[in-house]
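Next, two complexes with chain A in common: one pairs it with chain B, the other with chain C.
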Partner chain A sequence: MMNSLHIDASKCTGCLQCEMACSYENHGVFATSKSRIKVFDFHSTGRKVPYTCTQCAEAWCMHACPVGAIHEDKALGAKVVNETTCVGCKVCTIACPFGTINYVADTGKVQKCDLCAGKPACAEACPTGAITFVDASWTGLDRMRAWAEKLDTNAPTA
Partner chain B sequence: MSWQRKILRVDLTAGTVTSEPLNMEWAMEYLGSRGLGTKYFIEEVGAGVDPLSPANKLIFATGPLTGTMASTGGRYTVITKGALTGAIACSNSGGYWGAELKMAGWDMIVFEGKSPKPVYLLVRDGEVTIEDAAEFWGTSVWHTEEHLKAKHQDPLMRVSSVGRSAEKGCLYAAVVNDLHRAAGRSGVGTVMASKNLKAIAVRGTVGVGNIRDPKAFFDASKAAKKVLADNAVTGQGLPAYGTQVLMNVINEIGALPTRNHKDVQFEGARDISAEAMAEKRPTDGKANLVTNQACFGCTIACGRISQMDKGHYTVENRPQYWGASGGLEYEAAWALGAANGVNDLEALTYANFLANEDGFDPISFGATVGAVMELYEMGVLTKEQIGIEAPFGSAKALTFLAEKTATGEGFGKEMGLGSKRLTEKYGHPELSMSVKGQEFPAYDSRGIQGMGLTYATSNRGACHLRSYTVASEVLGIPIKTDPLATDGKAGLVKAFQDATAVFDSAGICLFTSFAWSLVDVAPQLQAACEGDWSLENLNVVGERIWNMERMFNNAAGFTSKDDTLPKRLTTEPAKTGPAKGLVNGLDKMLPEYYAERGWTPDGIPTPETRARLGL
Partner chain C sequence: MKHVILGNGPTGVVAAETIRKMRPHDAIAVVGDEHERPYSRMAIPYLLEGKIAESGTLLRHDRNHWIDNRIELVEARASSIDADAKSVTLSNGEVLPYDRLLLATGSRPVRPPIPGMHLPEVVSCWTLQDARAILDRLRPGAKVLQMGAGFIGCIIMEAIANAVGKTGGSLTVVEMGDRMVPRMMTPKASALIRSWSEKSGVEVLTSTRVTAIEANVPHAGLLSLVYKAKNTKERVQVTFGDGSTRLFDFVICATGVAPAIDYLRGSGVEIGKLGGIVVDDHMRTTAPDVFAAGDCTESVDFSTGELMVNAIQPNAADQALVAGANMAGGAARTRGGLRMNVLETFGLISTSYGQWWGAEGGDHVEVVDEAAHSYIRLEFQDDRIIGATVVGRTHHIGALRGLIQTGAKLGADWKARLQADPNKFMDAYLATALSLA
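Moving on to the complex of A and B:
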């Protein structure tokens, strides 16, 4: 079974535990500026939205890379940057429609979410269930269930 | 060691910025944030200093757990000699700014002197500069934060700043970060503005990485988060209702100070409660409360985000107040509401927005409004002097006074004196509901006896956050004690005061202590930091910090005579509720407390006590 990150923004409180977990996993420090997942705080509405790579099946970043530095981890479905091959040309950052692959000035390479080899640190750290790692084919299951629950099965049929 | 081991020293007079190593010997004895920042302050500043003179210093200090994954690890403390009190001041704030400073590579910033012109400090990791703030001076916190981010094209920058109230000398001005999180009390913002320092803009990319034992730290912080999640207060009550969960509870037990403490129960309490915030308004069909929000690293998320009724008289045709922003917490709802007899939730929310927008402490402000309303009803202050009719219960007077205080105009200048100086000026000092010049928060000490001792002995003037015995006396945490009894309260207050000093100094939020004791904090500190952070040592560290603060106050001229309460609380019995007929029994508790502390009958730490604590 392939899993994918599933984000339910309505549950996000803006605590940034996910950003800290991500930066620690990938850089060995708590540094929200190095995180591959970002929480956006829309102040005037009070909404907080975590956002990261959704691992496109046909990944623009992967196809755009001129040196083949991005490959697919077939088992995970993750598109993974090989830092040894990456030349920091940033073409992938132009290709990605969602902005979720970014250049890291310190290393001269790009970085993106790679699903932490199947145990995403952000999902593990999220205290509210806003970020979960679930069956990739059924990310809509909870939402379906919520709507199903609202159906009044006792309603008279016309 | 999860200190960064580096501090910034900013000489505003000379316009210089220097980096120096953190004094690790002191860190071992005072931990961080409140404790360590205060140690620096006391070593460097004479107790007799005028709070608003260039000789006073202003310290922004993070703790060892600030900027880590420890739950609520995002706090910082502003330490100075308080403008309102003349006592040691240490105001704590959440939001994101504190963690950003730590992630920029700094444990604290020490500001000294006074800039010849308005400036802000720009911190981008190790690159730190003093910048001209002429374009921001005279503008609000909200304006400053927005325009600093725009000027530097950095939406990820975090800003801590003061508003117009601080510039105009309001003695209870706050330092506000992230638009609506504040180091709120004692006038720390007033001191900041007196140095011509408008803001500190920070962007940190270095991160916090020097965890002593990462595996142990992740295990300990994870276990501690589970304790918070499983606890009814931190896991359910606070996220759902915020601190406002207390409004109806405290009213029912007859400890909700009402109309400048004339009453202990407010007939309008429900109208300004958490329940009311969640209900749909008849006017626009929307609730005041939009959502809850967390500060950095917090797995509780008690913060309130509110949205006003666009048709309310305060914001009609003023779209700048129509968006969601920081809503009412319990203390603010009480101070802006019950303390004045005002039950208009939208008016309270508006006044709270203004307190955030222009940086003033809603507790001291609201309590000062209460005193002004009492003076008005007595005929001492008139409509002509105030600028509006101001009887108890007038929402219009409340919001008028909030607007004036925000900008320091008209009667707002008088409001900015705080209740002690204002009531003295008009010949009725007995009407100031304050200790050491700082106004009471939202618990009447006739109905919760331990809070009387808490207020009287608080090192920063009346405050609930030095020893929140409400936890024990009302909520039964960690054990239930009788709120109407004085027996055993001396020991209870001491224990809460010492433990609180440790929570504050670690860089975590005191609200964790609804679920955590030091038993939960110790393993997190021990895993993150070098040194001995056993339970035994933490107890000593907390007591050491408390006594250090006390010794500064004694040196600044405070004596046991200042460990007192307004006579209203010790001579006028509660009129209603479970505490009916009771006054506060401070005279009984105080000598017991001094004995518990190892202080002389005059409230001075004995040589033996000082030696035991290494002071």
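Moving on to the complex of A and C:
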């Protein structure tokens, strides 16, 4: 069974260890602004919500890419950006209805969560267990799928 | 089962791959009339910029991709189809029978009916071959005229301006409309893009027409030698609507495109009022077992319910997935296409979505910072976002698609928060569409 990121926002304290770990893993610096996972702080409810790509089956980003720069890692289910092929057109960033693939002006390419080749740094860094890397059937992926069906395409799954 | 796909652009390729995934044993042939491996027009600006080589424009980079997926690539032009006999006649005389046919022939550039458009100094920017023609003529110091400041025009501007350089070279852009990217950007956002482009050294003439282009041939006589020595570069004389004339090295025509459907004449496949192939929500045309997708279709606008030709890459992919799935025996449907564009001009990034121009009875929030060249405008219908225009911000931009296309109800609270700070759209999306807050 494939693993995926499971996020339990009720456990998040907003310490941003995940953002730090992500930026360090992918950019070699501790800079939350470069992180692929982002913690949203809802002041009105006091809730902190870590949020990143769910590696959705529809993969709008992957299908929209004009040069095939995003592929699926079959073992992990992760949709992975190939920086060498990416031309930086940003079409994937507007096609993804979750807002989780983002343009990085410094590199002129896009970035998204790729599950760190199977050892997600955010989950390892999270001190409260708000982010865990577990069996995919636990993660509310079905809920995401139901949501995705509200969108225009019922993209076929293999 | 044999699937024939006409057109090997993004639509044809994504559809072929979708069919292959669902039907491992079917035969799939993809016909393309350009003498190229399947490539993406969208990558052309990056080729002009020198950011990628020609190989960087390929739709798929693995050389074995087509063989591994048993997708047969046929280089030929479809000259007609016979929907009764279920066959396609190719320019080379061959007749291809099909069980299911996909029309994915995209669009072709349209030039305005102006004298001189046939001159070799007038080039389009639509195919790889066009890109080569432009690259041949682009040299430091060149004086270039670009007709059209629509989406495609604006996307190639930066590459052209940088190539001709600031010393001696120049790029002049003429647009008949009263602003740049008139069909994608609000007036305010257009104004920001214009001032930014002008700051970057581009001359922008809006509400301006080109009325004629002539070869700039030196007059006969002794003086012509001097004239010739001075003017060998500026090969064309362009006349504008006010009667003034100017000399340029060459002209890039980016005045628009239209569905490429000439091979369908007399086929019984219905062409709509907008000039595109009529499709239903399964991407079926009016002929049995003939589907169509991408730039060559006219289809329902998710936002307005009206028909439109949505000639953009994400629409090509979305429609190709639906068409491909249905050709493979599935039952995929589209709820209409969404307008969405992202444009980068000299580092300034702008985006628009859906009904960005607003709806009757709707309301909006608009925040402009002219000095920072940043802008955001959200259009609401009741408590839903129906359209958006954003300049100078890219992060989480896709959430706007999610908000618009799921029709997420913001409720009075989140609508009020967005009216106070429209940049909080990602928070609103998590709180409302995904109920995470």
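Please note the rule applied: the second predicted complex is superposed on the first by the 139 of 158 C-alpha atoms of A that agree within 3 Å, B and C clash if a C-alpha of one lies under 4 Å from a C-alpha of the other, contacts with A are read in each partner's own complex, and residues count from 1 in each chain.
Note that a residue touches a chain if its C-beta (ideal position, glycine included) is under 8 Å from a C-beta of that chain, and two chains touch if they have at least 3 such contacts.
This structure is a prediction, so every number in the text was calculated from the model and none was measured.
Visitor: Touch check for A:G14: first (chain B), second (chain C), both, or neither?
Guide: In the superposition, A:G14 contacts chain B only.
Visitor: Which of the two partners, first being chain B and second being chain C, lies in contact with A:T45: first, second, both, or neither?
Guide: Both partners.
Visitor: Is A:T85 touching anything from chain B or chain C once the two structures are fitted on A? First, second, both or neither.
Guide: Once the two structures are laid over each other on A, A:T85 reaches chain C alone.
Visitor: Which partner does A:S23 reach: the first (chain B), the second (chain C), both, or neither?
Guide: A:S23 contacts chain B only, not chain C.
Visitor: Give the label of whichever partner, chain B or chain C, reaches more residues of chain A.
Guide: Between chain B and chain C, C touches the greater number of residues in chain A.
Visitor: Classify the contacts of A:P66 with the two partner chains as first (chain B alone), second (chain C alone), both, or neither.
Guide: The answer is second: A:P66 touches chain C but not chain B.
Visitor: Contacts for A:Y103 in the overlay, against chain B (first) and chain C (second): which applies, first, second, both or neither?
Guide: It touches chain C, and chain B stays clear.
Visitor: Hey, what residues of chain A end up touching chain B and chain C alike?
Guide: 44-45, 47
Visitor: Using the touch definition up top, name the residues of chain A that touch chain C in the complex.
Guide: The touching residues are 9, 38, 40, 42, 44-45, 47, 49, 51, 60, 63-64, 66-68, 85, 87-91, 93-103, 105, 108, 147, 150-156, 158.
Visitor: Okay, in this complex, where on chain C does chain A touch?
Guide: Within the complex, chain C touches chain A at residues 10, 14, 18, 21-22, 40-43, 46, 51-52, 56-61, 302, 313-314, 317-318, 320-322, 324-325, 328, 330, 332-338, 340-342, 344, 347, 349, 351, 353, 394-402, 405-407, 426-427, 429-431, 433-434, 436-437.
Visitor: Can you check the complex and tell me which residues of chain A touch chain B?
Guide: Within the complex, chain A touches chain B at residues 13-17, 20-21, 23-24, 27-34, 43-48, 125, 127-128.
Visitor: Chain A touches which residues of chain B in the complex?
Guide: 67-69, 71, 96, 99, 103, 156, 179, 203-209, 225, 229, 239, 290-299, 301, 305, 307, 323-325
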